[in-house]
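I've put the structures underneath this note.
In the two complexes below, chain A is the common chain; its partner is chain B in one and chain C in the other.
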Partner chain A sequence: MKTKIVIYIIFIFFAFSKYSFSNDLKLENKINKNLRCLICQGQSIYDSQSDFAESMKLVVKQKIESGMSEEEIYSFFKIQYGEWILYDPQFNTKNFALWLLPILLFLVGGIIILIKFGVLKKRL
Partner chain B sequence: MILNYLGNFALLFCLIISLVIFITSISCLNNKNFFLKKNLNELLFFKFFFAVLSFSSLIILFIISEFSNETVLNNSHISKPLFYKISGTWGNHEGSLLLWLLVLTFFAFFYYLNSKNRPTDERLLTILFQEVIILGFLFFLLKASNPFNIIYPVPKEGLGLNPILQDPLLAIHPPVLYLGYVTTSIVFSSSLAGLIKGNINNLWAKDIKKWVFISWTFLTLGILLGSIWAYYELGWGGFWFWDPVENISLMPWLSLTALVHCVLALEKRSILHSWTVILSIITFTLGICGTFLVRSGILNSVHTFANDPERGLYILFFLFFLIFLSVFIYFIYEDKFELNNKNLNLYTKETSIILNNWFVMYFLSVILIGTVYPIFLEVLSNEKISVGPPFFNKLIIPFLIPFLIFMSIGPNLKWTKNNYFSKKLKLIIIFILSIILSTLVSKFFGNSALNITILLAASFYLFIITIKDLIKKGFKNYSQTISHFGFSLLVLSILLNSIFSNEITSNMRVGDEIKFSDKIIKLQKLENTTEANFLKLIAYFKIEEKNKTELVLEPEIRIYDKPETITSEAAIKTDIFKDRFLVINLVKENEYLNVRYQEKPFMLWIWISAIIISLGGIINIFKKNEKQIL
Partner chain C sequence: MKNRYYKYSIVIFLIFTFFIFYYGLKEKNFYTPEDISIKKFPNLILNDFYTNTKTSFDDILIGSNYYLVNIWASWCLPCREEHPYLVQLKKNLSIKIIGINYKDKRDNALKFLDEYDNPYSVILNDNNGTASIEIGAYGVPESFILNTEKKIIKKIIGPIDKKKFNEIKKLIKK
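Right, the complex of A and B next:
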């Protein structure tokens, strides 16, 4: 019971906390980190110093200034260069296995542990 | 020239000795005739000796810049400093494989000397499996990547070593990492041998534990070195990119981490027999898999320096052979495992170790799937996707929170009976304390998301509890406490680093100033100098703070001639609480420099905490030896 109360208090505590949103620069860096530099090997445009990355950074900056949201900017680049450019793979028909497989494995692992050690039968 | 032949023949002798050991140990197993006992360590020593001979001749070839050797030609040149001529020996595919072989033969020899308390047939079998691995590498070396290929006519100048590999840290990073990888092969061979002989029990665990810890410690240090190198050489201040090659080094580390815990459970409580063997197999295969994926060029990575599809095919074949062999042996001898019908008590160390393994395997599967899924998708549907940091963060961070909490509570439980309830209040108080602490931290600095705050709370929790344990328990089980403390420090430093990092990017000319919070950054002058093998452009920046402290940072741009490459050398000023990181880049067609100045708090603590983590491992190896002497 005590534990439950503690958990409730924690949740209320968090619910009333305000979390400020990041400013433009932070957003810009966040977006830059999520875009792949297409001419480099495995670097984001944030980490790269190539000409391509530099010009991409400028495009991102302009798009933010023109008021586009993060998602809009991603889809803009996705249309231009394909999904390869996004470091954050979207959840769609192609990628659902990518997102769900690890979690599925986690659940399967849990079930195996429960069966192997008889916790299911004896404890609950 | 003669060294080429010497190295080559030394490798051939290695192969012959290896075949002799392989064949005689098979016949010994059947005859139960252990005449080999006397000769085996001599044979193993000679094999090691020939590997040393071969490797040293390659080093000498590099030192004297003998360009009749193809490996030297492709990876060295005359004007390169001596230090990098030597480290260039293993900075390439052929040389690094030769190093693998050297370490393999050394550990086979070392294992044989240090396993006298194991049953003889198990030792022989371990050596047998070790020979299978060594033979695989030898054939690969001699057939597909011979470091001693001769070129005629002899060229006058070599092609040079990739400049970003010319770095002191990178000179020791691969050997340390290989020591870690190769030690897993001993664990692998020994667990297969133990499985066949039905020896997988708490005594086996006690003996193999040392090897698991050696391997784990080396891997931890190897990854740390690579990460420090990436920090100052590769990126613009990042130290972990979730890059495929980094992931590949992390995967065996994760499964080793699971194994470290699981071996303890096997030793103390005789549980998890089969799981220990499976983990040993997984760990070693992941190591080989890493070599395959890195060397074959399948992965698109910052670190892919040498690749060749044909070689990849060979390693792939070898890999499948090893997996098939171990799975085959596992299922044939599975019934030799001691059965355990023990019921698990919920509030015990056993449970927490199982939970640890469960979570660590989940992290491993996230990284594995994130790394190989794009490859499969491309093969199957011809569509290219990228899996980067956001994916890993999203799937790992939520699970890291309960993991950290279990990690804090677990070591406070006992192996069999629980004493959990007596300590419950204290644990809850600390928990509330860490939540308040983390909220204060993220509120005070005002820019952080909810999930980060909770994660911060969980890592504060682990941090406080491990400090409490360190003080309370004293020298009892301190290797565990130290490693856990290091891990909490690592998570904390990474978190605080990512929350409080601050940066500014700008284009500057000589004389320009930019303002950054309460500082003024001034580009004072530029200077050109010529070094042995590169041109250097140094920029002198002065950073003035309000309280009149001044700091001069001197980032460089280097233009190497062989092969022609431009690299940026960051200027880093490391303090206890923050790193100041300044890097410049040329802007095309004008006199401006692209400047990025970053303040990165707690960078030093990331490295320190990784050292503390491995310190726990070192203490454990040492502790074991102490007991053996007594």
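Right, the complex of A and C next:
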């Protein structure tokens, strides 16, 4: 009976440590995929094996282990390298046109189509 | 009449696009940041290259008006090109040069310094490359010029050449 309990405890311990490990790894991969490689600038550091990308991956890992959140890690890299380092840049005054233009074009295009087919005229 | 305008506008449009692409091709496609953000140099703790003792930047960045932090490695070819300029800077100007040895083998680094002279007052080890990322480096070689307040006043991405050497001279003599 005792050995069974010990085995259960060991099993549970490993199960949970494995769980937390894989969660960290998932976050690490997510962040790595969103950071641009400094040497091969079309790739994320997740895809790259250049020396600097490897170093960046290590920095991300260390920062996660030290308890920093995803946002904090992004803002650290943003301070060092600028918004450019993120593959998913945040909405701000510099890039709002890029974010809004597709929606605007979509709406304008839709209105043009509606006018062409006379849908709007009939309604009005 | 209407047809003619139509033709002209097409020709003008094509010329316009041609020049846009023509100048676009001339642009560098490798991004380098333009603004030299005046930020404080992080106080990292690294191992000394010779003594292997833990050394913080706060302990090193004293006793000079200007500091040059240079990231180098013996395996990096452009570092060999820029090294004579570092030696000259050390000889001619009152600047303290600090080396960060990036992902290098100790023996090779020693050989490199033997061969090309040692302009560094202190050399620190960055074996896994994390310190260079914490500083905000883009590659090897890279140099940061700091003032007495440990603020980065100039960042040189890539090797120091004659032009950049003169820029540093001007900056320090100001």
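What we mean here is this: the second predicted complex is superposed on the first by the 98 of 124 C-alpha atoms of A that agree within 3 Å, B and C clash if a C-alpha of one lies under 4 Å from a C-alpha of the other, contacts with A are read in each partner's own complex, and residues count from 1 in each chain.
Following the convention adopted for this analysis, a residue touches a chain if its C-beta (ideal position, glycine included) is under 8 Å from a C-beta of that chain, and two chains touch if they have at least 3 such contacts.
Bear in mind that the values here come from a model prediction, so they are computed numbers and not experimental data.
**Q** Output check: A:L58 vs chain B and chain C. Expected answer is one of first, second, both, neither. What do you get?
**A** Only chain C; A:L58 stays clear of chain B.
**Q** Which of the two partners, first being chain B and second being chain C, lies in contact with A:F117: first, second, both, or neither?
**A** The first partner, chain B, only.
**Q** Quick check on the superposed pair: does A:I39 touch chain B, chain C, both, or neither? Answer first, second, both or neither.
**A** second
**Q** Output check: A:P102 vs chain B and chain C. Expected answer is one of first, second, both, neither. What do you get?
**A** In the superposed model, A:P102 contacts chain B only, not chain C.
**Q** Have a look at where A:L86 lands relative to chain B and chain C in the superposition and call it first, second, both or neither.
**A** It touches chain B, and chain C stays clear.
**Q** Is chain A touched at more residues by chain B or by chain C?
**A** Of chain B and chain C, the partner in contact with more residues of chain A is B.
**Q** Quick check on the output: what are the common chain A residues between the chain B footprint and the chain C footprint?
**A** Residues common to the chain A contacts of chain C and of chain B are 41, 51, 54, 82, 84, listed in rising order.
**Q** For the complex, give me every residue of chain A touching chain B.
**A** 2-3, 6, 10, 13-14, 17, 19-20, 22, 26, 29, 33-34, 36, 40-44, 46-47, 49, 51, 54, 82-89, 94-95, 97-99, 101-103, 105-106, 109-110, 113, 117-119, 122-123
**Q** Residues of chain C touching chain A in their complex?
**A** Answer in residue numbers: 30-31, 33, 39, 102-103, 128-130, 132-140.
**Q** Touching chain C in the complex: which residues of chain A?
**A** 38-39, 41, 51-52, 54-56, 58-59, 62, 79-82, 84
**Q** Give every residue of chain B touching chain A within the complex, in rising order.
**A** For this pair, the touching residues of chain B are 234-236, 238, 241, 243-244, 299-304, 343-344, 346, 354, 358, 361-362, 365-366, 369-370, 373, 377, 381, 383-391, 394-395, 399, 428, 431-432, 435, 439, 442-443, 446-450, 453-454, 503, 568, 585, 587-588, 594.
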